[in-house]
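Labels for the chains are A, B, C, D, E and F, by order of writing; each one numbers its residues from 1.
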Amino acid sequence: MDFYTIVRPEHLNHYHYLFGGVMLRWVDEYAYVAAIREFPTARFVTRAMDQVSFTQSVKNGAMLRFQVKREKLGKTSVCYRVVVFARDLQAKEEYHVFETAVTLVSLAPDGKKTPLPSLLPEL
Amino acid sequence: MDFYTIVRPEHLNHYHYLFGGVMLRWVDEYAYVAAIREFPTARFVTRAMDQVSFTQSVKNGAMLRFQVKREKLGKTSVCYRVVVFARDLQAKEEYHVFETAVTLVSLAPDGKKTPLPSLLPEL
Amino acid sequence: MDFYTIVRPEHLNHYHYLFGGVMLRWVDEYAYVAAIREFPTARFVTRAMDQVSFTQSVKNGAMLRFQVKREKLGKTSVCYRVVVFARDLQAKEEYHVFETAVTLVSLAPDGKKTPLPSLLPEL
Amino acid sequence: MDFYTIVRPEHLNHYHYLFGGVMLRWVDEYAYVAAIREFPTARFVTRAMDQVSFTQSVKNGAMLRFQVKREKLGKTSVCYRVVVFARDLQAKEEYHVFETAVTLVSLAPDGKKTPLPSLLPEL
Amino acid sequence: MDFYTIVRPEHLNHYHYLFGGVMLRWVDEYAYVAAIREFPTARFVTRAMDQVSFTQSVKNGAMLRFQVKREKLGKTSVCYRVVVFARDLQAKEEYHVFETAVTLVSLAPDGKKTPLPSLLPEL
Amino acid sequence: MDFYTIVRPEHLNHYHYLFGGVMLRWVDEYAYVAAIREFPTARFVTRAMDQVSFTQSVKNGAMLRFQVKREKLGKTSVCYRVVVFARDLQAKEEYHVFETAVTLVSLAPDGKKTPLPSLLPEL
């Protein structure tokens, strides 16, 4: 599953590059969307995020692609690898800027871990 | 091309449903992303949006899917139909909530209309 | 009824002009304010927005004037024409940048259409 | 000159009343808009705000009216009284919630005080 | 008690200096945090803010320090002096940019003033 | 060095708990502030963040304390441990909610790593 966003002035740090904290917020959001698309009736919270490296500064106007793939499927949790690519304004090539894995856990209404529902077949 | 987002408290109007203006902002953004994915070297601005109807209130926690399809391809502009579906929290079914068409025009650096580059083949 | 706002960096797209989606959000908001000023006891939601054209890029620092006029008055709905003018920073003249019509419908607490209350006389 | 806004969930503090800091931000913004409407070619910055009292909590969905009146006109500065009234959702009566005075000073491009241009006659 | 923040593009006015309204929002927030650190079980609202002067423009990338000191302790209210210093990007020296006093009042759940709890000793 | 913030409605996910992505954004910001306080003349970017676990949901109105301690000091980079504690509204006790380590690297204007300046003695 791929997700896309555009870097605008409101997302920049004071050096006029993408603020790392905004990247982390998007990664968390898109991992959640991936999980809820595969398990629509589950109630998920983010449990963990792997170590991350910021190796490339991202510029205003870049299009980001968040490639999200299921990596591990547990009884009560699911882990997605999120790889982020950027394509600069008016450029053709995209390049790798960020990568991590996000684990989400399925909770019952009382806040305790509960088994995941079955995977939605069509995704 | 499909795009996804989650409705959170910051997106709600004072009745605690999705604020229509936020929906319009997302529609504009995803039509732009669709265009830039197909024509990466173009410089686009939104030129027009068709009449819109809001027929369904959208709740906090709903997942929105923005289905974006190219509808018309002109010499200097391109038009995308954007159809939005919502899936309520922990529900399986999605339902139609919104539909419009967005026209983007390709501009030269001097701000004048300029022919679109050729379509990126792989999309 | 006129409404005003200033375009600041947080409202810009990556070309450093006003992001069209932000304009649409303001138009939706000011049409609602106009309706609630005329019908304070009603419970309104946006039902429709006419086709829109973006014919002028708006710069950082511009003052926007949203001129909102009641255009049609139905039994359960009301329509406002919204015309937007911009005045550039330190300039004297304003120019037309955007125009549409927004229809709002009066809802009962159960979400069904309900007749509008009588118009507040003093507005 | 009157300005209007609607209190939405994104403006609330954790008690679900209007966050005072958001009120102050709006007061600052509307005083600036009033000044720039009267002196379009000036370059203004806020210089001072009078002591303020928050005497009423404002609820989600309230419509705020910012009544802005010129109070003092100096050679290089101008002061506006800002009185804020709220009208609760579906209520007819508005009530006083806030009052202050904001002084703006006219600056030259080098950042030094400079005489105000003449007042725009039609406002 | 000292609080810190960084000025980023989203905080700027259209002249690319810190928007005064954002400064006021931070001052209100940090005075509240100071109060809640000293009186954790109280329920506070901002009651008043002293006259303020903006004497220095603050640039993108500056680090702000909000120095907050208890100034007056009443039976149902407490007043903090907030002095704000800025340090420009890659500069060593900080300079005074803003100063005010914020009064918070302790409320009971019914919204009436109620005596402050005893001061948390360790702060 | 300790940093504080209050969780408000705009920071919540659709379950009305703190959105994990907002926590990550704050952690990134406060690690940066810690670094810039110790090395004011450096130009820092975030290079890495350790694996993180979200073990506790954080409620609206909670006060967060970000305890930031320098953990490693390299020639061109510095690493801070960030431990986050929450204190619920009107509660006296705080509890541990989050922990990670953030590495920042010192860059020259050309974007290459450059040795850190000497540590500011008074911090």
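Here is the rule we use: a residue touches a chain if its C-beta (ideal position, glycine included) is under 8 Å from a C-beta of that chain, and two chains touch if they have at least 3 such contacts.
Only a predicted model underlies this, so the values are computations on that prediction, with no experimental measurement involved.
K.L.:
How many steps does it take, at the fewest, to get from chain B to chain E if each step moves to a chain that touches the one before?
P.N.:
Tracing touching chains, the least step count from chain B to chain E comes to 2.
K.L.:
What chains, if any, are shared contacts of chain A and chain D?
P.N.:
B, C, E, F
K.L.:
Have a look at A-C versus B-C and report the one with more C-beta pairs in contact.
P.N.:
The greater number of contacts lies at B-C.
K.L.:
From chain B, which chain is the farthest off, judged by mean CA positions?
P.N.:
Farthest chain from chain B, going by C-alpha centroids: E.
K.L.:
Tell me which of B-C, A-C or D-E has the interface of D-F again, with more than half the contact pairs shared?
P.N.:
From the options B-C, A-C or D-E, the copy of D-F is A-C.
K.L.:
Would you mind pulling out the distance in Å between where the CA atoms of chain A average out and where those of chain F do?
P.N.:
Distance between chain centres, rounded to whole Å: 20 Å.
K.L.:
Take the average of all CA coordinates in chain A, do the same for chain E, and state the distance between these two points in whole angstrom.
P.N.:
The separation of the two C-alpha centroids amounts to 35 Å.
K.L.:
In chain B, what residues contact two or more other chains?
P.N.:
6, 9-10, 15, 19, 29, 43, 89
K.L.:
Show me, using the given definition of touch, all chain pairs that touch one another.
P.N.:
Result of the pairwise touch check is A-B, A-C, A-E, A-F, B-C, B-D, B-F, C-D, C-E, D-E, D-F, E-F.
K.L.:
Which of the residues in chain B come into contact with chain F in the complex?
P.N.:
It comes out as residues 6-10, 60-61, 89.
K.L.:
Taking the complex as given, what residues does chain E use to touch chain C?
P.N.:
9-10, 12-16, 19
K.L.:
Using the touch rule from the top, collect the residues of chain F that touch chain A in their complex.
P.N.:
15, 17, 19-22, 24-29, 43, 45-54, 57, 111
K.L.:
Could you list, by residue number, the parts of chain D that touch chain C in their complex?
P.N.:
Going through chain D, the ones touching chain C are 3-6, 29-30, 32-33, 36-37, 40-43, 63, 87, 89-92, 120.
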